[in-house]
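Here come two complexes built around chain A, the first alongside chain B, the second alongside chain C.
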Partner chain A sequence: MDLPIETASRSLPLAAKVKRRWLDERLLAWLISLITLLPLAVVVASLLKPQGEVWSHLGEFVLPQLLANTFWLVLGVGVGSLLLGVSLAWLTAVYDFPWRKHLAWALALPLAMPGYVLAFVQIGLYDYAGPLQGLLREYMEDTRWMPSIRSRWGVILTLTLALYPYVYLLARNAFLTQGRRALEVAASLGLSRRQGFWRVALPMARPWIIGGLTLALMECLADFGTVATFNYDTFTTAIYKAWFALFNLNAASQLASLLVFAVLVLVLLEQKVRGDRRYTSAGRAGAARPERLPGWRGWAAVAYCLLVLGIAFLVPMVQLLRWAASVAAEQLDLRYFGFVGRSLLLAAGSAVGVVVLALVLAYAVRRRHDLSSRLAARLATLGYAVPGTVLAVGIFLPISWLENGLINSIKALGLGQPTQILQGTLVVMLLAFAARFLAVAYEPTQAAMERITQSQEEAAASMGLGRRAVLRRIHLPLLRGGLLTAALMVFVDVMKEMPITLMTRPFGWDTLSVRVFEMTSEGQWEIAALPSVAIVLAGLIPVILLARETEKQS
Partner chain B sequence: MKFRPLLIAAALTAAAPAFAEEVTVYSARIEALIKPLFDAFTKETGVQVRFVTGQEGPLMERLKAEGANTPADMLLTVDAGNLWQAEQQGLLKPVKSAVLDANVPAHLRDPGGYWYGMSIRARTIFYNTKKVKPSDLSSYEDLASPKWKNRLCLRTAKKVYNQSLVGTMIVRLGEQKTESIVRGWVNNLAADPFSDDESMLKAIGAGLCDVGIANTYYYGRVMQRDPKLPIGIFWANQQSSGTHVNISGVGVTRYAKNEKGALRLMEWLSSEKAQNLYADQNMEFPVNPKVKPDARVAAWGDFKHDYVNVAKAGELQATAVKLMDRAGYR
Partner chain C sequence: MTETLLTLDQVGVAYGDKPVLEQLSFTLAEGEIGCLLGPSGCGKTTALRAIAGFEPIRAGRIRLNGDVIATADEQWPPQQRGIGMVFQDYALFPHLTVAGNVAFGLGSLSRSEAHARTMELLEVVGLAGHADDYTHALSGGQQQRVALARALAPAPRLLLLDEPFSNLDVELRERLSGEVRDILKARGTTALLVTHDQHEAFALADRIGVMAQGRLKQWDSAYALYHEPNDRFVADFVGEGTFLPGEVLAGDLLDFELGRRALHAGHAFAAGQRVDVLLRPDDVLHDDASSLKARVVKKAFRGAQFLYTLALPSGATVLSLVPSHHDHAIGEAIGIRLEIDHVIAFA
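Moving on, here comes the complex of A and B:
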């Protein structure tokens, strides 16, 4: 029984009726992808200027070890976040056990904890000089025999805990929207819930799970802060080494280009394998009624959720709060209203903007369903696979060209002597965030699109609704959960984002993440705890909102 | 019509400098360390200081991209390596100033006047006082000797502080000798290199390792928080070349709109009244020889500097990085 149905043709009759306009969906998709393509082009253009000397050095002494490290990291984080994310999502979506509702939203909280902060807290807690081993040494001679957290398994664990929420949120969305009938039919055919999971729910959730996994792995590949805290050298280490240590931004961009190509190939391959399967919900919308887990099994589920939540969020949070409390008296001042306000404003603005772009993109892909639109969408989402600082430069260069052009022409026309036009505005920042985070909004949106059946669209069209009306009255309500997930993830990611904020913010536009940068750049982690806690608390707002929405839905 | 807001914005930006004199600074030194200084400068001179903080690399790319239209008048950054790079990439403009020449010793500024050190940071040896006698210690080179097998801790080679230290060693000892010393360090490591100096110092305090190399102000911070830690400071290479010092420093940008204001700010920063404010915030040493360091810093004692010009470290940074890669120092 393979539920995803193969179909020969997906061309919508609707498309034929609408007359072609100059601004059709495909063109729109390409226009949106330009936001990402321009900075990417800057990065990739570096390939035109070979940097033989740096490459031969890196190739001989640096890359072999880094590639092996990167391979193990990606494998570990991939498997780890799949296991954690899918199992937790399944548990909280189809079973009922004590505190399920609260645990369900709490398990998304680690999303709000920046990876590099989690890294520092974990090392601070569990390393040789930390309180845990210090306590142990009061009772025993030495603790050198203990495995060091500053090792491969330590990084994998930390990044898994920081990134599993992507898989969790998307997979949960899939399980909640697969339709009541799917699992009921499976049960009537004699499948237990566990069998139903493997043979029905999991195949039907594939676009979501792959989407979440794509996000987790892209972030893992582009991550520098977390691995740097562990001094674990990955491919990004080589990128930053080429730039900051060998002062060769060109070689750094070349390395980043390779990273982007690798990701693009993987993403396209996955799409090829996925082919034309469809994932519409079976029967009426909504989730199957949760099955009560009796007795110890219910409590085992609670224990599992609490264990993950404890290691990934509660314990680190307690440590952060302790540090924050110790410096709050001297650090917390009225300026924090500004930091928090600006962070919230940027995060909310980007969340709305980026989700709208992602919606248009996903809609275009659905309507046209041709290679060109799909490619446009995939290219538009590649910004997430580029290390943030490299992308920041890629974004800054075209804007500067435009800016210099504007300034010079204004001067030439004798209209004034401006020094800043675009760069003094938030437009630049918001565009840059779009280039970075389109993937984060696109994955849940396009996955949610999969649930809408062709007949729903056809019925609407047959009643004479136009394209926009169909989008508004059919797609939007059905996509609600997916779009909210997308908005939440973009919101939280923008709050945490550092390199683009640092490079493109106007004078005086310091945010919470700028505060975190200021403190961590000098290694003052205790002081950095204060803005970090503020980021987490601000990230709580959308997480709770989302949780309430999804509960309402199901 | 669409362009109207743009023009208004342009007109406003153009008009702004007319109200008050303003200096714009791009700073890789964090806000908490520079804002009190700028506030004091504004109070004294009436000149406003507008600044934005960020990482060195991106700030330099930003300057480069903005080109002649950059709003920045001054670049403030840590480590001579970065300043040397900024000069090489044509982002700075040389200035001549008798005041700066008098206040900043020759080995802490660019010979061509492109940049000037404003505070000194010393990178030296620290040890666990329960396990090591100061008489066992002598120099950076000595830490490569087999007697420190499994007793040494280091910060990652990816940090520019270590790259500069190794750079100056190349100046003194040549590439071959330096490489064998770095290999010796790597052989002696008691734990994987740390990502920051503070964690490394705490590992010495906890007894994971006996000796290590760090910047003094990190030591100051760690001890301030936990004065009972058994960590001692040792001035390296006092019998030979002197302890490795580096700077945080400033330069006027090539396309500065207010070069005079930037120069004035630089001269003021190097002056006797500003130097303590500049250095003490971060427990660094003032560059101006007439100014005494903070009491906490002075308590570590006097020491002999390595007088090789810090610009050399910048010049040799790439060489040092490659050398450390070859030696397996991560």
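Moving on, here comes the complex of A and C:
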């Protein structure tokens, strides 16, 4: 009987101390959420002071085209990724055919190839001067009848191939956990397989499918590199042009605010279906096994999977490697290793920083467990939906105001004549990365945190460990896996990131993705291929992790 | 009650090379409720899935109403068998209302007929007031009733129930199993249930098959399984009891520490053979007047009764159910009497 009383009295002063601290976890969580909220507020606020001149120019010359382009792109990519993602997910989750297991994880491989890489490879492959039409011309006079890859259809096709894995992965998860089971129930009620798919499996998977679709469409709206390569003007390229070509920050932020509203619709939709997923489970996976597709039907399934995989990943990868090999001798120089080094440095630095922020956030939510902390975390992680171009504008503006204020007051106080303090440093870029990728780090951190039970903490506390000791001896060791995953995901995302890096990098901070952008703009596919290979290799890491994860589950 | 509805004949199922079900044979008559009872991993759920058509069989045949619905070579698809199923986790459709779930298998009926049938079944399971609710708003017991109503709605030839009450707490389980039996009997539905809980089996089923390691040990009434088990595993698995060593005498008699009794008809022991006698707790009665004494080793209060574990002079123990106002201390010697005419013994 002594022990509990003793520990209770020992933990009392600790609790009292916590209450008196002004900088508690909740406040920290809100400070972190400002990294995302402030740029959003700045961008949206720019709508409140519209500038007639800017708007009339935008409305007359830019907006109609932007809206039409964005509309068709979102529609096309949405329909395309639904068709590809759901059909592939259904096939690999419910049926059995040769190489099903390998194909199932390989179909997520296109995630490793950023849209902007796929874009220039596709153009290089299928353009008039490309190898496909060249080959065809050996057998026929003219190939000008072929549809041009440099068209709206080309962009839609490319982004669909790059983004369908979001729908595929989530839909497959839903079909694996409940699809076969749902089919059994339907069959026991007299429904055929086809009826079971339309009436049970598909409606039940809807929250997952829509979840995957909203992710794909967020990426689609945020995409800069792909549309830039195709010269297909959308909001992101318009923001970039207003920023660099016109040096018109106002126009850039007005455009960004419109984009934010488009994204907001997706975010609300995504949050809603996320809630629906809690209720949607028709029991456990059960013992149901995939049904074997006999004979030619099995091989047709293989052919379909291979066709998608080939166009989306295998053929482009081969082309990329060939180009890279052709220029490796002259291009693998110190300059190239400079790109690699800066990319690695930025990615590693951001990974560590963002994971620390995510950890604080997750810890605050756990300790406080109140509405305020959870709201702070929710808002802080909204950045995954906000296009990099928007964040770049939204963070650059307040930082430059702050800087001007600082410079003026320093001058007024007669302390010197500074011209630059924060601009030209990495601050803007790193803050933008933090806002954009906090959610990427938060999800695995939070998931790992949730696996530590309250009673495990209490068991440690009952053995006399203080809060800090619990954090060090219980939380950190148990969180290690989750934090490592989080860091890795941020690392890879920063490596692949293009618009933020392009718009906010200090002079001389050219990275791999910047190099790809510059060489693509000049149509130098071979030279762009070399840095692209490095980016794709990094991008393979999370896909492999994902494949191992799903392997473990099934 | 006499027409045979379901016949399993030497049915075998294997996963890869591993047999999970071997030579399973039994029959179920029209309107009867059968039960496969056994520990987890005994193959009972596989048997159910094979009957439903979710698991191909490797040997034997399954007949339903004269149709051969499965052989090693040819299997009817599940949706053509007319067999309903209540799943262990209910597997309700979360995107449909209660009424939507129940009406799900009624595609062949007109809209108004389907509605009438749905409401009738919801009435039967006592959920008419919840027709428009979504299933996640219901309690576990209510979900289970929706699952039953949904499976019954298309009027299946046979209803299968896979551990239907295992997700419910004990009290609800008892009440619901009684209700379900009443519903099935009132509609004359033939049903086969699978469970590891013998109380559930006794409460629901007319015929019970005890399974172990992929084989059916005995297919019989509850009474016979309890008092006339034909296998040591069945004797162990069903009910409580102990074994006492004994010796077979001439004239079908058995001699053991508590006296001599006639062996149950149909045994195959030779005189002089050493065997083990099964004694149930209700075979051993407490009687202060008896000269047979046994010492209380352990006691468990069961409300109306005590279950005493009693040590005989030889050191062997027997169980005895005694009305609970006979409260004896551990270590005390009490008189006992054997209340049994025929004994069951195993070699």
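Definition applied: the second predicted complex is superposed on the first by the 299 of 554 C-alpha atoms of A that agree within 3 Å, B and C clash if a C-alpha of one lies under 4 Å from a C-alpha of the other, contacts with A are read in each partner's own complex, and residues count from 1 in each chain.
Here is the rule we go by: a residue touches a chain if its C-beta (ideal position, glycine included) is under 8 Å from a C-beta of that chain, and two chains touch if they have at least 3 such contacts.
Fair warning: this is a prediction, and the values are worked out from it, not measured in the lab.
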| item | value |
| --- | --- |
| Touching partner for A:490 - first (chain B), second (chain C), both, neither | neither |
| Touched partner set for A:522, first chain B, second chain C, both or neither | first |
| First (chain B), second (chain C), both or neither touched by A:204 | second |
| Touched partner set for A:181, first chain B, second chain C, both or neither | second |
| Touched partner set for A:191, first chain B, second chain C, both or neither | second |
| Which of chain B and chain C A:237 touches, first, second, both or neither | first |
| Touching partner for A:435 - first (chain B), second (chain C), both, neither | neither |
| Which superposed partner A:89 touches (first chain B, second chain C, both, neither) | neither |
| Residues of chain A touched, compared between chain B and chain C (which is higher) | B |
| Residues of chain A that lie at the interface with chain B and also at the interface with chain C | none |
| Contact set on chain B toward chain A in their complex | 6-7, 9-11, 13-14, 24, 30-32, 50-58, 61-62, 65-71, 85, 156, 158, 160, 163, 191-199, 202-203, 205-206, 208, 218, 221, 225, 257, 282, 317-318, 321-322, 325-326, 330 |
| Residues of chain C defined as touching chain A within the complex | 45-46, 49, 52-55, 77-80, 82-85, 87-95, 104-105, 107-108, 134, 136, 150-151, 153-154, 160 |
| Chain A residues within the chain B interface of the complex | 57, 61-62, 123, 127-129, 133-134, 144, 148, 150-151, 228-231, 233, 237, 240-241, 243-247, 249, 389, 392-393, 396-397, 400, 403-404, 406-408, 410, 415-421, 423-425, 499, 502-503, 505, 507, 510, 514, 517-519, 521-526 |
| Residues of chain A that touch chain C when the two form their complex | 181-182, 184-192, 195, 199-200, 203-204, 206, 279-284, 286-288 |
